[in-house]
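Working notes, structure below.
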Amino acid sequence: MRLTLDQAAAVLSAGAARAKSAGIAVCVAVLDDAGHLKAFSRMVGAWLGSVDVAMTKARTSVLFQAETQAIGEVCKPGAEAAGLERSNGGLVTFAGGIPLLSSDGALIGAVGVSGGRVAEDFEIARAAAGALQT
Amino acid sequence: MRLTLDQAAAVLSAGAARAKSAGIAVCVAVLDDAGHLKAFSRMVGAWLGSVDVAMTKARTSVLFQAETQAIGEVCKPGAEAAGLERSNGGLVTFAGGIPLLSSDGALIGAVGVSGGRVAEDFEIARAAAGALQT
Amino acid sequence: MRLTLDQAAAVLSAGAARAKSAGIAVCVAVLDDAGHLKAFSRMVGAWLGSVDVAMTKARTSVLFQAETQAIGEVCKPGAEAAGLERSNGGLVTFAGGIPLLSSDGALIGAVGVSGGRVAEDFEIARAAAGALQT
Amino acid sequence: MRLTLDQAAAVLSAGAARAKSAGIAVCVAVLDDAGHLKAFSRMVGAWLGSVDVAMTKARTSVLFQAETQAIGEVCKPGAEAAGLERSNGGLVTFAGGIPLLSSDGALIGAVGVSGGRVAEDFEIARAAAGALQT
(Lines give C-alpha, C1' and ligand atoms only; values in the text may rest on other atoms or scores of the structure.)
Protein backbone atom coordinates (compact mmCIF):
# COMPACT_ATOMS: atom_id res chain seq x y z
CA MET A 1 0.00 0.00 0.00
CA ARG A 2 1.25 3.42 -1.00
CA LEU A 3 0.64 6.58 0.99
CA THR A 4 -1.62 8.93 -0.99
CA LEU A 5 -1.40 12.69 -1.00
CA ASP A 6 -4.87 12.88 0.57
CA GLN A 7 -3.69 10.70 3.45
CA ALA A 8 -0.61 12.82 3.89
CA ALA A 9 -2.66 16.02 3.81
CA ALA A 10 -4.94 14.66 6.54
CA VAL A 11 -1.90 13.92 8.69
CA LEU A 12 -0.52 17.44 8.15
CA SER A 13 -3.88 19.05 8.94
CA ALA A 14 -4.35 17.11 12.13
CA GLY A 15 -0.86 18.06 13.25
CA ALA A 16 -1.40 21.73 12.48
CA ALA A 17 -4.78 21.75 14.25
CA ARG A 18 -3.28 20.21 17.38
CA ALA A 19 -0.38 22.66 17.35
CA LYS A 20 -2.71 25.61 16.89
CA SER A 21 -4.90 24.60 19.82
CA ALA A 22 -1.72 24.38 21.93
CA GLY A 23 -0.57 27.79 20.73
CA ILE A 24 2.59 26.43 19.10
CA ALA A 25 3.93 26.91 15.59
CA VAL A 26 5.50 23.76 14.13
CA CYS A 27 6.81 22.10 11.01
CA VAL A 28 5.21 18.81 10.07
CA ALA A 29 6.83 16.48 7.54
CA VAL A 30 5.35 13.33 6.02
CA LEU A 31 7.66 10.88 4.26
CA ASP A 32 6.86 7.70 2.37
CA ASP A 33 8.07 4.25 3.42
CA ALA A 34 11.41 4.78 1.70
CA GLY A 35 12.12 8.14 3.31
CA HIS A 36 11.21 10.40 0.38
CA LEU A 37 9.30 13.60 1.14
CA LYS A 38 5.60 13.33 0.46
CA ALA A 39 4.11 16.47 2.04
CA PHE A 40 5.24 19.26 4.34
CA SER A 41 3.87 22.32 6.15
CA ARG A 42 5.56 25.06 8.13
CA MET A 43 3.27 27.21 10.25
CA VAL A 44 3.85 30.96 10.49
CA GLY A 45 6.29 31.63 13.30
CA ALA A 46 7.86 28.16 13.38
CA TRP A 47 11.63 28.08 13.86
CA LEU A 48 13.50 27.77 10.59
CA GLY A 49 15.61 25.11 12.25
CA SER A 50 12.53 22.96 12.58
CA VAL A 51 12.32 22.32 8.84
CA ASP A 52 15.31 20.01 9.05
CA VAL A 53 14.44 18.59 12.45
CA ALA A 54 10.91 17.60 11.43
CA MET A 55 12.18 15.93 8.27
CA THR A 56 14.97 14.13 10.09
CA LYS A 57 12.62 12.88 12.79
CA ALA A 58 10.39 11.36 10.14
CA ARG A 59 13.39 9.96 8.27
CA THR A 60 14.76 8.42 11.46
CA SER A 61 11.41 6.69 12.04
CA VAL A 62 11.39 5.30 8.51
CA LEU A 63 14.99 4.12 8.62
CA PHE A 64 14.56 2.05 11.77
CA GLN A 65 10.77 1.58 11.82
CA ALA A 66 10.30 2.98 15.31
CA GLU A 67 9.39 6.16 17.16
CA THR A 68 12.39 8.45 17.47
CA GLN A 69 12.58 8.35 21.26
CA ALA A 70 12.74 4.53 21.13
CA ILE A 71 15.74 4.81 18.87
CA GLY A 72 17.14 7.32 21.33
CA GLU A 73 17.03 4.64 24.03
CA VAL A 74 19.40 2.29 22.17
CA CYS A 75 21.73 5.21 21.27
CA LYS A 76 22.22 6.50 24.81
CA PRO A 77 25.78 6.69 26.15
CA GLY A 78 26.48 3.20 27.38
CA ALA A 79 23.53 1.65 25.53
CA GLU A 80 24.19 -1.08 23.02
CA ALA A 81 24.07 1.05 19.90
CA ALA A 82 25.60 4.26 21.26
CA GLY A 83 26.67 6.29 18.28
CA LEU A 84 23.95 5.01 15.93
CA GLU A 85 22.73 8.60 15.87
CA ARG A 86 25.71 9.55 13.68
CA SER A 87 24.70 7.05 10.98
CA ASN A 88 22.69 7.83 7.87
CA GLY A 89 23.82 11.43 7.82
CA GLY A 90 22.58 12.01 11.34
CA LEU A 91 19.45 10.88 13.18
CA VAL A 92 17.18 12.71 15.60
CA THR A 93 16.78 10.65 18.72
CA PHE A 94 14.21 12.49 20.81
CA ALA A 95 10.44 12.31 20.47
CA GLY A 96 8.45 13.66 17.56
CA GLY A 97 8.96 11.09 14.79
CA ILE A 98 6.33 8.35 14.48
CA PRO A 99 5.90 5.59 11.88
CA LEU A 100 2.71 5.55 9.84
CA LEU A 101 1.28 2.05 9.57
CA SER A 102 -1.37 0.57 7.33
CA SER A 103 -4.28 -1.26 8.93
CA ASP A 104 -2.33 -4.52 8.63
CA GLY A 105 0.65 -3.05 10.44
CA ALA A 106 2.96 -2.48 7.46
CA LEU A 107 5.10 0.65 7.40
CA ILE A 108 3.80 3.12 4.82
CA GLY A 109 5.68 6.21 5.94
CA ALA A 110 6.36 8.43 8.92
CA VAL A 111 5.50 11.81 10.32
CA GLY A 112 7.93 14.18 12.03
CA VAL A 113 7.05 17.25 14.08
CA SER A 114 9.31 20.01 15.37
CA GLY A 115 8.66 23.42 16.86
CA GLY A 116 7.68 23.03 20.47
CA ARG A 117 9.10 21.40 23.55
CA VAL A 118 9.85 17.75 22.92
CA ALA A 119 6.80 16.54 24.83
CA GLU A 120 4.65 18.92 22.80
CA ASP A 121 6.11 17.74 19.52
CA PHE A 122 5.34 14.20 20.57
CA GLU A 123 1.70 14.98 21.34
CA ILE A 124 1.30 16.80 18.04
CA ALA A 125 2.94 13.95 16.13
CA ARG A 126 0.60 11.47 17.77
CA ALA A 127 -2.42 13.56 16.82
CA ALA A 128 -1.06 13.80 13.28
CA ALA A 129 -0.37 10.07 12.97
CA GLY A 130 -3.77 9.28 14.47
CA ALA A 131 -5.45 11.05 11.56
CA LEU A 132 -4.11 8.55 9.04
CA GLN A 133 -6.97 6.79 7.34
CA THR A 134 -6.11 3.44 5.80
CA MET B 1 4.35 40.60 4.31
CA ARG B 2 4.95 36.99 5.21
CA LEU B 3 3.61 34.07 3.25
CA THR B 4 1.01 32.22 5.31
CA LEU B 5 0.42 28.50 5.32
CA ASP B 6 -3.07 29.08 3.89
CA GLN B 7 -1.58 30.99 0.99
CA ALA B 8 0.99 28.26 0.40
CA ALA B 9 -1.71 25.58 0.55
CA ALA B 10 -3.75 27.44 -2.06
CA VAL B 11 -0.70 27.54 -4.34
CA LEU B 12 -0.10 23.81 -3.88
CA SER B 13 -3.75 22.97 -4.53
CA ALA B 14 -3.92 25.01 -7.70
CA GLY B 15 -0.76 23.35 -8.98
CA ALA B 16 -2.05 19.88 -8.19
CA ALA B 17 -5.41 20.60 -9.83
CA ARG B 18 -3.75 21.84 -13.00
CA ALA B 19 -1.43 18.82 -13.10
CA LYS B 20 -4.33 16.43 -12.56
CA SER B 21 -6.36 17.93 -15.38
CA ALA B 22 -3.29 17.51 -17.62
CA GLY B 23 -2.87 13.90 -16.49
CA ILE B 24 0.58 14.52 -15.00
CA ALA B 25 1.94 13.68 -11.55
CA VAL B 26 4.20 16.39 -10.13
CA CYS B 27 5.95 17.68 -7.07
CA VAL B 28 5.13 21.24 -6.02
CA ALA B 29 7.32 23.13 -3.56
CA VAL B 30 6.61 26.50 -1.98
CA LEU B 31 9.46 28.40 -0.32
CA ASP B 32 9.37 31.65 1.62
CA ASP B 33 11.28 34.80 0.64
CA ALA B 34 14.41 33.48 2.37
CA GLY B 35 14.42 30.17 0.50
CA HIS B 36 13.19 28.05 3.40
CA LEU B 37 10.61 25.35 2.71
CA LYS B 38 7.07 26.39 3.54
CA ALA B 39 4.88 23.66 2.03
CA PHE B 40 5.29 20.72 -0.32
CA SER B 41 3.23 18.04 -2.06
CA ARG B 42 4.22 15.01 -4.12
CA MET B 43 1.44 13.43 -6.16
CA VAL B 44 1.23 9.65 -6.45
CA GLY B 45 3.33 8.52 -9.38
CA ALA B 46 5.58 11.57 -9.55
CA TRP B 47 9.25 10.83 -10.21
CA LEU B 48 11.28 10.68 -7.01
CA GLY B 49 13.85 12.87 -8.74
CA SER B 50 11.28 15.63 -8.89
CA VAL B 51 11.36 16.23 -5.15
CA ASP B 52 14.77 17.84 -5.45
CA VAL B 53 14.11 19.50 -8.79
CA ALA B 54 10.90 21.20 -7.62
CA MET B 55 12.61 22.52 -4.50
CA THR B 56 15.65 23.71 -6.41
CA LYS B 57 13.53 25.48 -9.01
CA ALA B 58 11.77 27.41 -6.26
CA ARG B 59 15.08 28.10 -4.51
CA THR B 60 16.61 29.37 -7.73
CA SER B 61 13.69 31.78 -8.18
CA VAL B 62 14.07 33.10 -4.66
CA LEU B 63 17.83 33.47 -4.89
CA PHE B 64 17.72 35.68 -7.97
CA GLN B 65 14.12 36.91 -7.87
CA ALA B 66 13.26 35.67 -11.35
CA GLU B 67 11.66 32.82 -13.20
CA THR B 68 14.09 29.94 -13.64
CA GLN B 69 14.19 30.04 -17.44
CA ALA B 70 15.17 33.74 -17.27
CA ILE B 71 18.10 32.79 -15.08
CA GLY B 72 18.87 30.08 -17.63
CA GLU B 73 19.30 32.76 -20.28
CA VAL B 74 22.14 34.52 -18.45
CA CYS B 75 23.81 31.17 -17.64
CA LYS B 76 23.97 29.86 -21.19
CA PRO B 77 27.38 28.90 -22.57
CA GLY B 78 28.83 32.18 -23.78
CA ALA B 79 26.33 34.33 -21.89
CA GLU B 80 27.56 36.85 -19.36
CA ALA B 81 26.99 34.74 -16.26
CA ALA B 82 27.83 31.33 -17.68
CA GLY B 83 28.59 29.09 -14.72
CA LEU B 84 26.22 30.85 -12.32
CA GLU B 85 24.23 27.61 -12.35
CA ARG B 86 26.93 25.98 -10.23
CA SER B 87 26.64 28.60 -7.49
CA ASN B 88 24.57 28.23 -4.34
CA GLY B 89 24.89 24.48 -4.34
CA GLY B 90 23.46 24.25 -7.87
CA LEU B 91 20.59 26.01 -9.59
CA VAL B 92 17.93 24.72 -11.96
CA THR B 93 17.86 26.90 -15.04
CA PHE B 94 14.90 25.64 -17.05
CA ALA B 95 11.26 26.61 -16.59
CA GLY B 96 9.12 25.68 -13.61
CA GLY B 97 10.27 28.02 -10.85
CA ILE B 98 8.31 31.27 -10.41
CA PRO B 99 8.58 34.02 -7.78
CA LEU B 100 5.54 34.73 -5.61
CA LEU B 101 4.91 38.45 -5.27
CA SER B 102 2.72 40.45 -2.93
CA SER B 103 0.23 42.92 -4.42
CA ASP B 104 2.85 45.66 -4.17
CA GLY B 105 5.38 43.60 -6.09
CA ALA B 106 7.57 42.51 -3.21
CA LEU B 107 9.00 38.99 -3.24
CA ILE B 108 7.30 36.81 -0.64
CA GLY B 109 8.43 33.40 -1.87
CA ALA B 110 8.51 31.13 -4.89
CA VAL B 111 6.89 28.01 -6.26
CA GLY B 112 8.69 25.21 -8.08
CA VAL B 113 7.10 22.42 -10.11
CA SER B 114 8.67 19.26 -11.52
CA GLY B 115 7.24 16.09 -13.01
CA GLY B 116 6.24 16.74 -16.60
CA ARG B 117 7.90 18.09 -19.69
CA VAL B 118 9.43 21.49 -19.07
CA ALA B 119 6.62 23.35 -20.84
CA GLU B 120 4.07 21.47 -18.73
CA ASP B 121 5.89 22.24 -15.51
CA PHE B 122 5.87 25.90 -16.50
CA GLU B 123 2.10 25.94 -17.12
CA ILE B 124 1.46 24.20 -13.82
CA ALA B 125 3.74 26.58 -11.96
CA ARG B 126 1.92 29.55 -13.49
CA ALA B 127 -1.43 28.13 -12.43
CA ALA B 128 -0.02 27.56 -8.94
CA ALA B 129 1.49 31.04 -8.65
CA GLY B 130 -1.73 32.56 -10.00
CA ALA B 131 -3.64 31.15 -7.04
CA LEU B 132 -1.72 33.27 -4.57
CA GLN B 133 -4.07 35.59 -2.75
CA THR B 134 -2.46 38.65 -1.24
CA MET C 1 5.85 -5.98 -5.85
CA ARG C 2 9.12 -5.76 -3.98
CA LEU C 3 12.44 -6.79 -5.46
CA THR C 4 13.80 -9.86 -3.67
CA LEU C 5 17.42 -10.59 -2.93
CA ASP C 6 17.25 -13.66 -5.20
CA GLN C 7 16.05 -11.50 -8.07
CA ALA C 8 18.80 -8.99 -7.41
CA ALA C 9 21.42 -11.75 -7.23
CA ALA C 10 20.28 -13.11 -10.61
CA VAL C 11 20.68 -9.64 -12.10
CA LEU C 12 24.18 -9.29 -10.64
CA SER C 13 25.21 -12.74 -11.87
CA ALA C 14 23.99 -12.15 -15.40
CA GLY C 15 25.86 -8.86 -15.52
CA ALA C 16 29.08 -10.40 -14.25
CA ALA C 17 28.81 -13.32 -16.67
CA ARG C 18 28.35 -10.96 -19.63
CA ALA C 19 31.27 -8.79 -18.50
CA LYS C 20 33.49 -11.82 -18.06
CA SER C 21 32.74 -13.13 -21.53
CA ALA C 22 33.64 -9.68 -22.87
CA GLY C 23 36.87 -9.65 -20.87
CA ILE C 24 35.86 -6.58 -18.84
CA ALA C 25 35.79 -6.05 -15.08
CA VAL C 26 32.79 -4.05 -13.90
CA CYS C 27 30.76 -2.95 -10.91
CA VAL C 28 27.08 -3.83 -10.94
CA ALA C 29 24.62 -2.15 -8.57
CA VAL C 30 20.98 -3.06 -8.01
CA LEU C 31 18.71 -0.57 -6.24
CA ASP C 32 15.08 -0.90 -5.17
CA ASP C 33 12.28 1.29 -6.53
CA ALA C 34 13.09 4.04 -4.02
CA GLY C 35 16.80 4.17 -4.81
CA HIS C 36 18.09 2.23 -1.81
CA LEU C 37 20.94 -0.24 -2.39
CA LYS C 38 19.77 -3.83 -2.62
CA ALA C 39 22.82 -5.73 -3.93
CA PHE C 40 26.23 -4.92 -5.38
CA SER C 41 29.26 -6.66 -6.87
CA ARG C 42 32.67 -5.37 -7.91
CA MET C 43 34.75 -7.70 -10.07
CA VAL C 44 38.49 -8.01 -9.52
CA GLY C 45 40.26 -5.36 -11.53
CA ALA C 46 37.28 -3.01 -11.88
CA TRP C 47 38.09 0.70 -11.50
CA LEU C 48 37.43 1.96 -8.00
CA GLY C 49 35.70 4.95 -9.59
CA SER C 50 33.10 2.57 -10.98
CA VAL C 51 31.61 1.88 -7.55
CA ASP C 52 30.06 5.33 -7.48
CA VAL C 53 29.29 5.45 -11.20
CA ALA C 54 27.41 2.15 -11.18
CA MET C 55 25.35 3.20 -8.16
CA THR C 56 24.62 6.62 -9.60
CA LYS C 57 23.55 5.18 -12.94
CA ALA C 58 21.06 2.95 -11.17
CA ARG C 59 19.93 5.82 -8.95
CA THR C 60 19.43 8.06 -11.97
CA SER C 61 17.24 5.40 -13.59
CA VAL C 62 15.12 5.10 -10.46
CA LEU C 63 14.74 8.84 -9.96
CA PHE C 64 13.38 9.50 -13.43
CA GLN C 65 12.17 6.01 -14.43
CA ALA C 66 14.21 5.83 -17.64
CA GLU C 67 17.47 4.52 -19.04
CA THR C 68 20.34 6.87 -18.27
CA GLN C 69 21.12 7.75 -21.88
CA ALA C 70 17.49 8.81 -22.39
CA ILE C 71 17.87 11.21 -19.49
CA GLY C 72 21.10 12.36 -21.10
CA GLU C 73 19.13 13.41 -24.19
CA VAL C 74 16.97 15.89 -22.28
CA CYS C 75 20.02 17.24 -20.39
CA LYS C 76 22.16 18.03 -23.44
CA PRO C 77 23.34 21.61 -23.87
CA GLY C 78 20.44 23.37 -25.52
CA ALA C 79 17.94 20.59 -24.69
CA GLU C 80 14.90 21.44 -22.63
CA ALA C 81 16.20 20.24 -19.28
CA ALA C 82 19.85 21.16 -19.67
CA GLY C 83 21.35 21.16 -16.20
CA LEU C 84 19.06 18.46 -14.80
CA GLU C 85 22.23 16.40 -14.37
CA ARG C 86 23.22 18.61 -11.43
CA SER C 87 20.04 17.79 -9.52
CA ASN C 88 19.67 15.14 -6.84
CA GLY C 89 23.32 15.31 -5.89
CA GLY C 90 24.42 14.62 -9.46
CA LEU C 91 23.12 12.23 -12.11
CA VAL C 92 24.95 10.07 -14.62
CA THR C 93 23.59 10.75 -18.08
CA PHE C 94 25.30 8.22 -20.33
CA ALA C 95 24.31 4.61 -20.90
CA GLY C 96 24.52 1.86 -18.30
CA GLY C 97 21.57 2.47 -16.00
CA ILE C 98 18.35 0.59 -16.78
CA PRO C 99 15.05 0.40 -14.87
CA LEU C 100 13.89 -2.99 -13.65
CA LEU C 101 10.20 -3.54 -14.34
CA SER C 102 7.75 -6.11 -13.06
CA SER C 103 5.76 -8.13 -15.59
CA ASP C 104 2.98 -5.52 -15.46
CA GLY C 105 5.40 -2.72 -16.24
CA ALA C 106 5.74 -1.21 -12.78
CA LEU C 107 9.14 0.05 -11.65
CA ILE C 108 10.65 -2.25 -9.04
CA GLY C 109 14.23 -1.01 -9.13
CA ALA C 110 17.16 -0.39 -11.43
CA VAL C 111 20.54 -1.80 -12.37
CA GLY C 112 23.67 0.24 -13.04
CA VAL C 113 26.88 -0.98 -14.66
CA SER C 114 30.26 0.74 -14.90
CA GLY C 115 33.73 -0.47 -15.86
CA GLY C 116 33.99 -0.66 -19.62
CA ARG C 117 33.38 1.66 -22.53
CA VAL C 118 29.91 3.14 -22.38
CA ALA C 119 28.57 0.87 -25.13
CA GLU C 120 29.95 -2.12 -23.25
CA ASP C 121 28.39 -1.01 -19.98
CA PHE C 122 25.08 -0.70 -21.80
CA GLU C 123 25.26 -4.22 -23.21
CA ILE C 124 26.17 -5.63 -19.82
CA ALA C 125 23.36 -3.70 -18.12
CA ARG C 126 20.90 -5.04 -20.68
CA ALA C 127 22.05 -8.59 -20.06
CA ALA C 128 21.76 -7.99 -16.32
CA ALA C 129 18.28 -6.45 -16.54
CA GLY C 130 17.18 -9.25 -18.89
CA ALA C 131 17.87 -11.81 -16.16
CA LEU C 132 15.20 -10.36 -13.88
CA GLN C 133 12.55 -12.97 -13.19
CA THR C 134 9.18 -11.59 -12.13
CA MET D 1 46.40 -10.98 -1.76
CA ARG D 2 43.28 -9.37 -3.12
CA LEU D 3 39.78 -10.30 -2.07
CA THR D 4 37.95 -11.95 -4.96
CA LEU D 5 34.29 -11.59 -5.75
CA ASP D 6 33.81 -15.30 -5.06
CA GLN D 7 35.27 -14.87 -1.60
CA ALA D 8 33.06 -11.87 -0.95
CA ALA D 9 30.00 -13.75 -2.19
CA ALA D 10 30.76 -16.62 0.19
CA VAL D 11 30.96 -14.14 3.07
CA LEU D 12 27.64 -12.57 2.10
CA SER D 13 25.95 -15.96 1.75
CA ALA D 14 27.14 -17.18 5.11
CA GLY D 15 25.91 -14.01 6.75
CA ALA D 16 22.51 -14.24 5.09
CA ALA D 17 22.17 -17.92 6.01
CA ARG D 18 22.97 -17.20 9.65
CA ALA D 19 20.52 -14.28 9.74
CA LYS D 20 17.79 -16.36 8.14
CA SER D 21 18.19 -19.16 10.65
CA ALA D 22 17.88 -16.55 13.41
CA GLY D 23 14.79 -15.05 11.80
CA ILE D 24 16.41 -11.66 11.26
CA ALA D 25 16.66 -9.55 8.09
CA VAL D 26 20.02 -7.81 7.74
CA CYS D 27 22.30 -5.90 5.42
CA VAL D 28 25.76 -7.36 4.88
CA ALA D 29 28.57 -5.30 3.35
CA VAL D 30 31.99 -6.52 2.28
CA LEU D 31 34.75 -3.98 1.66
CA ASP D 32 38.29 -4.50 0.37
CA ASP D 33 41.43 -3.61 2.29
CA ALA D 34 41.21 -0.01 1.10
CA GLY D 35 37.65 0.46 2.30
CA HIS D 36 36.00 0.35 -1.12
CA LEU D 37 32.75 -1.58 -1.51
CA LYS D 38 33.21 -5.06 -2.93
CA ALA D 39 29.83 -6.75 -2.46
CA PHE D 40 26.59 -6.05 -0.64
CA SER D 41 23.22 -7.68 0.09
CA ARG D 42 20.06 -6.37 1.74
CA MET D 43 17.54 -8.99 2.79
CA VAL D 44 13.82 -8.32 2.33
CA GLY D 45 12.51 -6.56 5.42
CA ALA D 46 15.83 -5.20 6.63
CA TRP D 47 15.75 -1.63 7.97
CA LEU D 48 16.72 0.89 5.34
CA GLY D 49 18.94 2.51 7.96
CA SER D 50 21.02 -0.66 8.02
CA VAL D 51 22.44 -0.05 4.55
CA ASP D 52 24.60 2.75 5.89
CA VAL D 53 25.30 1.12 9.25
CA ALA D 54 26.53 -2.15 7.70
CA MET D 55 28.83 -0.29 5.33
CA THR D 56 30.16 1.98 8.06
CA LYS D 57 30.84 -0.94 10.39
CA ALA D 58 32.94 -2.59 7.69
CA ARG D 59 34.65 0.71 6.88
CA THR D 60 35.44 1.28 10.55
CA SER D 61 37.06 -2.17 10.75
CA VAL D 62 39.20 -1.50 7.69
CA LEU D 63 40.26 1.95 8.83
CA PHE D 64 41.63 0.76 12.16
CA GLN D 65 42.11 -2.96 11.46
CA ALA D 66 39.98 -4.09 14.38
CA GLU D 67 36.51 -5.26 15.27
CA THR D 68 34.16 -2.34 15.73
CA GLN D 69 33.44 -2.94 19.40
CA ALA D 70 37.19 -2.88 20.12
CA ILE D 71 37.36 0.54 18.53
CA GLY D 72 34.36 1.47 20.66
CA GLU D 73 36.41 0.75 23.77
CA VAL D 74 39.04 3.38 22.98
CA CYS D 75 36.39 5.92 21.98
CA LYS D 76 34.34 5.73 25.17
CA PRO D 77 33.79 8.96 27.09
CA GLY D 78 36.95 9.33 29.17
CA ALA D 79 38.94 6.78 27.19
CA GLU D 80 42.16 7.80 25.52
CA ALA D 81 40.75 8.33 22.04
CA ALA D 82 37.33 9.71 22.98
CA GLY D 83 36.02 11.51 19.90
CA LEU D 84 37.78 9.26 17.40
CA GLU D 85 34.28 8.15 16.36
CA ARG D 86 33.77 11.51 14.67
CA SER D 87 36.81 11.06 12.45
CA ASN D 88 36.75 9.76 8.90
CA GLY D 89 33.24 10.99 8.32
CA GLY D 90 31.92 9.04 11.31
CA LEU D 91 32.63 5.56 12.63
CA VAL D 92 30.34 2.92 14.06
CA THR D 93 31.69 1.77 17.39
CA PHE D 94 29.48 -1.11 18.42
CA ALA D 95 29.76 -4.73 17.33
CA GLY D 96 29.10 -6.02 13.84
CA GLY D 97 32.19 -5.00 11.85
CA ILE D 98 34.99 -7.58 11.58
CA PRO D 99 38.25 -7.52 9.60
CA LEU D 100 38.81 -10.20 6.98
CA LEU D 101 42.30 -11.65 7.17
CA SER D 102 44.29 -13.80 4.80
CA SER D 103 45.80 -17.05 6.09
CA ASP D 104 49.01 -15.18 6.93
CA GLY D 105 47.13 -12.61 8.97
CA ALA D 106 47.17 -9.72 6.50
CA LEU D 107 44.10 -7.52 6.24
CA ILE D 108 42.26 -8.14 2.98
CA GLY D 109 38.97 -6.44 3.81
CA ALA D 110 36.13 -6.36 6.30
CA VAL D 111 32.53 -7.39 6.71
CA GLY D 112 29.80 -5.31 8.36
CA VAL D 113 26.38 -6.51 9.45
CA SER D 114 23.35 -4.50 10.60
CA GLY D 115 19.71 -5.34 11.13
CA GLY D 116 19.33 -7.11 14.44
CA ARG D 117 20.26 -6.40 18.03
CA VAL D 118 23.95 -5.67 18.39
CA ALA D 119 24.76 -9.12 19.77
CA GLU D 120 22.91 -10.70 16.85
CA ASP D 121 24.74 -8.58 14.32
CA PHE D 122 28.00 -9.70 15.90
CA GLU D 123 27.13 -13.39 15.65
CA ILE D 124 26.09 -12.98 12.04
CA ALA D 125 29.24 -11.05 11.19
CA ARG D 126 31.35 -13.79 12.78
CA ALA D 127 29.56 -16.45 10.74
CA ALA D 128 30.07 -14.33 7.64
CA ALA D 129 33.77 -13.72 8.31
CA GLY D 130 34.26 -17.38 9.15
CA ALA D 131 33.21 -18.33 5.63
CA LEU D 132 36.18 -16.57 4.09
CA GLN D 133 38.32 -19.06 2.21
CA THR D 134 41.89 -17.99 1.67
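We just call them A, B, C and D in the order they show up, numbering each chain from 1.
What we mean here is this: a contact is a pair of C-beta atoms (placed from the backbone, for glycine too) under 8 Å apart; a residue touches a chain by one contact, two chains touch by 3 or more.
Just so it is clear, the model here is predicted, and its values are computed rather than measured.
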For subunit B and subunit D, let me know how many angstrom lie between their CA-based centres, rounded off. 43
Approximately how many whole Å separate the CA-defined centres of subunit B and subunit C? 30
Find the geometric centre of each of subunit A and subunit B from their Cα atoms only, then give the gap between the two centres in Å, rounded to an integer. 25
Touching at least 2 other chains, the residues of subunit D are 48
Select the category (line, ring, star, complete, other) that matches the graph of chains linked by touching. other
Can you work out from the touch definition every pair of chains that touches here? A-B, A-C, A-D, B-C, C-D
So in the complex, which bits of subunit C are touching subunit A? 32-36
Interfacial residue positions of subunit D with respect to subunit A in the complex: 47-49, 52-53, 56, 72, 75, 77, 85-86, 90-94, 117-119
Footprint of subunit A on subunit B - complex, ascending: 2, 4-5, 8-9, 16, 34, 36-44, 48, 51
Any idea which subunit C residues touch subunit B in the complex? 34-35, 60, 62-65, 77, 80-84, 86-89, 91
